[in-house]
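Several structures are given next for inspection.
Shared between the two complexes below is chain A, which has chain B as its partner in the first and chain C in the second.
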Partner chain A sequence: MIRHILRLVWNRKAGNILIMAEITISFLVVFLVAALALFLFHNGRQPMGFSSEDLWYVTIDAPRTVGDEAAERQELERQVLREVASMDAVEKVAVVAYPPYVNSNSIRGWDLDGRALQSELTYLSDGAEEVLKLELVSGRWFQPGDEELAFKPVLMNERLAAEIFGDEDPLSRTFADPPKEPREGYKESRVIGVFTDFRRNGEFSSLDNMMLLRRQPGDPDRQMYTVALRMRPGTTAQYEETVLERLDRVAPSWSFGIRSVEVEREEYRRGKILQVVLAASLAGFLVLMVALGLLGVLWQSVTLRTQEIGLRRATGADARQICLQILTEIMVVAVLALTVGAVIAFQLPLTGLLDFLTPALTFQALGVALAFMMSLALICGFYPSWLATRVLPAEALHYD
Partner chain B sequence: MFKSYLVMAFKVFMRRKFFTFASLFGICFTLVVLMVATAALDHILMPHTPDVNNDRTLLLANMSLIGEGVRSTSSPGYRFLDQNIRDLPKVERVSIFTQARPIKLYRDAESLEVYVSRTDGQFWRILQFDFLEGGPFNDEDERDANRVAVISRRTEERLFASGNAVGKMIDVDRQSFEVVGVVADVSYLRTGFSDIWVPISTSQSQAYRADFMSGFSCLLLAETAGDRRSIQEELASRLPDIELPDDERYETLVVSANTHFEAFTTQFLSSEYGEPQAGRAGALLILGALLFMLLPSLNLINLNLSRIFERSSEIGVRRAFGARSGSLLVQFLTENVLLTLFGGLLALLLSQWLLRWINNADLVPFVNLELNWRVFGWGMVLALIFGVLSGVYPAWKMSRLHPAEALRARSKL
Partner chain C sequence: MIRLDNVAKVYRTARMETMALNQIDLHIAEGEFVSIMGPSGCGKSTLLNVIGLLDEPSEGSVQIDGTGIAGYSDRQLARLRNEKIGFIFQSFHLVPDLNVVSNVEIPLLYRSMASKERRRRAIEALQSVGLGSRIHHFPNELSGGQQQRVAVARAIIGAPRVILADEPTGNLDSQMGDEIMAILERLNQEDKTTVVMVTHDAEQAKRTARTIRLFDGRQVA
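Up next, the complex of A and B:
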C-alpha cells in the first residue's frame, strides 16, 4: 500500500514539493521557538548561585586616575567603604567588579592543550561571598593576607573546574601556561576553591564558565566602580537616599548611583519572558496560517479527486480505507518534509549563529517540533479525508 | 477591461469564502508584522524630533585603544573631543554631551527614576527639540556653569503636578537647578534622549576635562549631507598623529564618526573595532523581510495553485476565444495583487490597533511608535511586492493551461 501511495505522491510532485517546502519551513520556525523556550526553561531550573534578595549595589562615577591622584583615590575608596559599612541597615559590604545585572563584563580566553577555553571573570574583595551569598563546594574563599602568597589565588565555578580538570581534584592546581616572557612580579594562578555558580544575569541566563579573582584592597589597577551591599532584610527603597546622601558627604566630587538587584532581576525576567511570548505568538500565527492553507489545499485536492475516489468505492473500498488512504498520503508528504527539516535543523548549530543550541537541546527541540508538526498535519488532513468518505460512488461516476 | 477583471476577481473571492478567508488571514498577518517592523525602523532611522537633521549629522560614541593583546573600548573622553574634533573642516556645529544616565529623585516617600544628560549649548542648535515652555540654555550657560535645566514633559508631570515648571527648582545629584525649558518627550531610541538636560560644566568635579577616554559622546553637524564622507576621512587621517595616554600599552586609536544608520547598525553587527557596516545591514534587512515573506508566500502560492482547476472552464473559454497567455497572466496577477492590497488596508487598521496596544502596554519604555504616511507608503509597497511574489507562479501556471485541456477539465468537475 505504501508503494502505491508513494507513487500517488510522486505523480503529483510539483504541487507536493511546494506543500513540503511549506511544512519544512514551518517546522524550522517551530523548532527555533521550541529551542528558545526549552533553553530558558532549563536555565531557569539551575541555581543562580547567589541571592538577589536584599542585595543592593552602588555605582561610582569617578574618573580613572594615575600617578599621585591614584593614591588620593585609594584613600577616598577606603573612606567610602568605611562609611557604607557603618550604616545601620547595611549588614556587610564588599567590592564586586561586575555585580549582577550590570551590562559590562570581562572575559578571559586561553589555550588548554590546544583547546580554546573561555571564562567570564570578576574581581571580589575579601568577604564578598557573604554579601552575594555564594556557595562554596570545596577549598576556601579569599582571605586577608592572600597577597603574600607565591601564587595568584583563583576560585572557579563547578562547570569551569569540570571543564579544565575533569574528575580530578582542582584544588592547588594551576591551569594556564605562563607567558613566554614573564613580566616582573608575575605569579602563576592556582585554584584555591570551587563554588556552585555565580550567574550574574540571573536564572534565565546561559550556564557559563565563571572564575573569581581577588581584588586586593587599594589595587591601583582595579579601581573601585561598584560596591555590593548586603542589606538587613526588610530595608525599603527609601533608605537608598540616605546611602547616597552620606556617600555624597564623604566624596563630594564623585557621583553615586544605587540599584536594587531584586528590582533589576524582575526587569530582566520580564524582558526574557516577553521575548519568548513575542516569538511564540509570532510562530503561533505563522503556524495557524499554514494550517489554514494546508486545510484549503487538501480540501481542494479531495474535491478534484472525486472521480478517483468514487471509482475506488465502486470497486469495493470502504469508507475507512478511503479515509486512511487520504490521511496516509498527507502523512507521507509530511514525513518527507519533516525529514528534510530535521536534516536542516541538525546543521543549524554548525553555523555558529545560534550559540545556545547544544546537542541535547537540539534533540529535545526536534522532538517537540516533530510531534507538533505531525499532529498539525493530522488535524489538517482529518476534515478532507472525512469529506472523501462522503463521496458516493454512483454520483461520482455519474458526474461525467 | 480592467473593470471586468475587478468584477471577476470579486466574484471569485466570494465563491469559496473559506479560501478567501485563509488567503486574507495569511496576507493580513504577514503585512501586520512587516508594518509594525517598518514603523519601528522608521521610528529609529528616519528624521524625527529632535534629530530632524540626522541626514547631516555624525555621531562619535565609541573609542578603542588597541595594544599588544589588550583592547580597551569605551566612549570618548572630553579632552579628546575638545582638542581634536572642533576644528574638522566642513563641520558647521559640534556638540559634546553625555549619554542619558538614570538617577533617582526622591520625593517624600517615593523614588522616581529619571534620566539625566549633560550637554553644551550647541546641543540645542543641532537637535531641534519641541519646546512646550521656555527655551534651551546656551553656550554662556555652559561657560559660566549656570545651574539651569531643561526637562521633558513627562518629568514635569511627575515632579510638578500643576505644570508651569519654568522658573521652579529641581534637585539633581544634590544640586539645585532652575528649570528654563520644558520639551516634548523624546524617544529612548533617538539621539538626545533624556528626561533632564543640564550644562556639562555644572558637574561637581571638573576632572572630566582631562579625560582622554570615557564619558562623552559627540554630535557633528556637517554643512551638507555629502560632506560627511570627507569629514570621516579627515578624522581617520588625524588619528595616527594623536598622542595616546599610556602609550606603553596602547599603539592604535580607533574612533569612528558614524551616520545615524551606521551607528544603528554597529549596535547589532559588531565588527572588529565597531566599524560601520551599513551595506551589510541594509542587505540583511531586505533579506530578513524576504525570508519572513517566504513562508506566507508559499502558503498563498499553494492556495492559488490548488484553485487553478476551479478556474479552468473560464481559462479554457478565454483561450479558445483568442486571449493571449500574457493577458491571462495580467488578469490573475491583478486578482492576487488586489487581494493583497485589500489585505494591506486591513493590516494597516490592525497594525494601528496593535501599535496603540504596544505603546499603552509600555513594552518598550519611552517609545511611541506610530503609523505615518511614510510607513503607510512602505506598507503598501510591501503589500504589492508580496502580491506579485505570491501571484506570479500560479498566474503563470494558469495562463499556460492548454485550451482543450482546460475545457475538458471543466467536465470533470
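Up next, the complex of A and C:
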C-alpha cells in the first residue's frame, strides 16, 4: 500500500507542489522563530557573569578635554569618585567604560595565525570586579601598581582564552603581534587573569568574547563617563535623587544621569520577550493562514477524489482504510516538503545572515519545527480524511 | 448466489420520500447472466447498489452466496465486496493518476498479498482482456473501449463470484460495446461467473439468459 501511495503522490506532483510549497515556507518560518526562542532560552539559562542586583551606574555628560583642561577634569573626576564613595548607601565605586545595558561598546579585532578574531573590550578601574561581582577563574584582577608593569595587563573571559590559547594556560601569555612601526610607550598585552564572563547585555545575549583592560587613575586618554555603584542592599530608587544632588554640587558644570541596572535588565528582558512574542504572533498568524489554506486545499483535493473514494470502497476498502490512505498521502507530502525545508534550513547558517545559529541550535530548532509541522499536517489532514469516510460508496460513485 | 427478499429502498429528505425500490424479490443463481432493464429513474442502479452491498436496503433482506448481510459492519461489508463482487461502471471510474496496471491492482491492495503477486495477477488480468501491451499507459492515453477493458480487468482480478455491471457499454460505440459484451459472456461461460448487468440496450439484454424489468421501483418482469 505504501508503494501505491508513493506512486499516487508522485503522479500527482503537479497538484501536490502547492501544498508542499505552503508546508515548506511555514516550516522555515517556524524554524526561525523556534531558533530565536531557543537561542534566547539557552542564553537565559546561562549566568550573566555579574550581579545586577543593587548595581547602579552614573552617566556623566561632560566635554572631552585636552591639555590643562584635562588636568582639571581629572581632578573633578577624582572629586566625583570620592563624593560617591562617601555616600552611606554606596558600598563600592568603580569606573566602568561600558557598564551593563549601555548601548555602546568597543570591539577589538586582530589576526591570530591567519584567523580573524574579535572581542568586545571595556576599561575598568581597580576594584571594579567587586562592584560588578565578576568571578575570577585564574590569575588575578587589576591592582594598584599595575601601571609600573612592563606590559599592559589584560583579563579575558574563558571563551576568549579558549579561542586564543586552546587548552594551554593563558596566564602571562601575549596574544597579539607588536605594531610593525615602533610606537612610543607601546607595551605588549599580557594576560593576567581569566574570568567566567561579563555578558553586558544580560542573560538573553549570546556568550561572546570579552576582554577587560585597566583604566589607570588619571589616564588622560580614558576620561570618565560612567561610574558603577554597588549599593547597599535595600537602597530604594528615591536615593537616586540624593546621588544626583550631591554630584551636581561637586561638578555643577557637568550633567549627571543615574540608572539602576536591575531596572535596565527588566526593561531589556521585557523588550526581548516582546520581540519573541511579536515574532511568534506573526509566525502564528502565518501558520494559521497556512493551516486554513492547507485544510482548504486538502478538503478540495478529497472532494475532487470522491469518485475515486467511491471506487475504492466498492472494490473493498472500508472507511478506516480510506481515512488511513488519505492521511498517509498527506503525511507523505508533508515529509517531502519538510525534507526540502530541512535542507534549506541547514544551509541558513552557511549564509552568515543568522550568526546566532550554531549547529546544535539548528538541530534543536529543526526538531521543534519538524514536530510542529508534522502535527499541523496531521491535524489539517485528519478532517478531510475523516470527511472521506463519511461519503457513502453508492453516492460517491455518482458524485459529479 | 444472490437473494433479495421483499427489498425496499426509500430515500428520505426533510420534504419528501422517494421510493426507489419497492418489494423486490429476486433470486439469481450461480453462473447466471442476468440483465436489468427499465426506464431512467426506475431504480436499476439502486438495485445494483443494493446487490453490490454499496447501499443498504430500507426494508427486506439481502443474501450473497448464502450469507445474510443484515447487521454486517462496514468492515465486513467491504470484505465481502472485495472477495465476492467485481464492479464495472458506465464511466469506467479509473484513477487518472495511476497507470493501467496500478488501476487494476486496486482491489488487491485491500487483501494481504505481496506486491509481486499483485502485479503478476494484474498483468494476467490485463492480458485476458487483450491489454497486455498497455500496462504502463495512463487512462487518458486509452480509448473508451480500452478504458472499459481495464475496468473489466480490475473487476476480475480478485476472481469474484459475481460481476455487477452498471451500463458497461453506455459510453461506448457499438463495436466497443460488443467487445465488452463478449468479454462478459466469456467470463460467464468459461469461469461460471455470475453477471448482473444494467442496460438500456435491448439487443444486449437479449444476449443474457434472463432480463429483469423494473418500473417505478417495482419488478414488473
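Details
Following the convention adopted for this analysis, the second predicted complex is superposed on the first by the 397 of 400 C-alpha atoms of A that agree within 3 Å, B and C clash if a C-alpha of one lies under 4 Å from a C-alpha of the other, contacts with A are read in each partner's own complex, and residues count from 1 in each chain.
Everything that follows uses one rule, which is that a contact is a pair of C-beta atoms (placed from the backbone, for glycine too) under 8 Å apart; a residue touches a chain by one contact, two chains touch by 3 or more.
Just so it is clear, the structure is predicted and the values come from calculations on it, not from any experiment.
Residue contacts after overlaying the shared chain place A:Gln118 against neither chain B nor chain C. Look at A:Gln307: by the touch rule set out above, it reaches both chain B and chain C. Of the two partner chains, chain B is the only one that A:Ala21 touches; chain C does not reach it. Of the two partner chains, neither chain B nor chain C is touched by A:Ser281. Of the two partner chains, chain C is the only one touched by A:Asp318; chain B is not.
Once chain A of one complex is fitted onto chain A of the other, the partner contacts of A:Ser106 are absent, as it touches neither chain B nor chain C. Number of chain A residues touched is higher for B, counting chain B against chain C.
When both complexes are overlaid on chain A, the residue A:Thr174 reaches neither chain B nor chain C. When the two complexes are superposed on chain A, the residues of chain A that touch both chain B and chain C are 307.
Interface residues of chain C facing chain A in the complex, by the touch rule stated above, are 45-46, 49, 52, 54-55, 74-75, 77-79, 81-83, 87, 89, 93, 95, 97-98, 102, 105-107, 109-111, 115, 154, 158.
By the touch criterion given at the top, residues 15, 18-19, 21-22, 25-26, 29, 61-64, 66, 237-238, 240-241, 244-245, 248, 252-255, 257-258, 274, 282, 285-286, 288-290, 292-297, 299-301, 304, 307, 399-400 of chain A touch chain B in their complex. On the side of chain A, the complex with chain C involves touching residues 1, 3-4, 7-8, 11-12, 307-308, 310-321, 392-394, 397-398.
Across the complex, chain A is touched by residues 18-19, 21-22, 25-26, 29-30, 33, 101-104, 106, 109, 111, 173-174, 203-205, 207-208, 210-211, 214-215, 246, 294-296, 298-303, 305-307, 309-310, 363, 411-413 of chain B.
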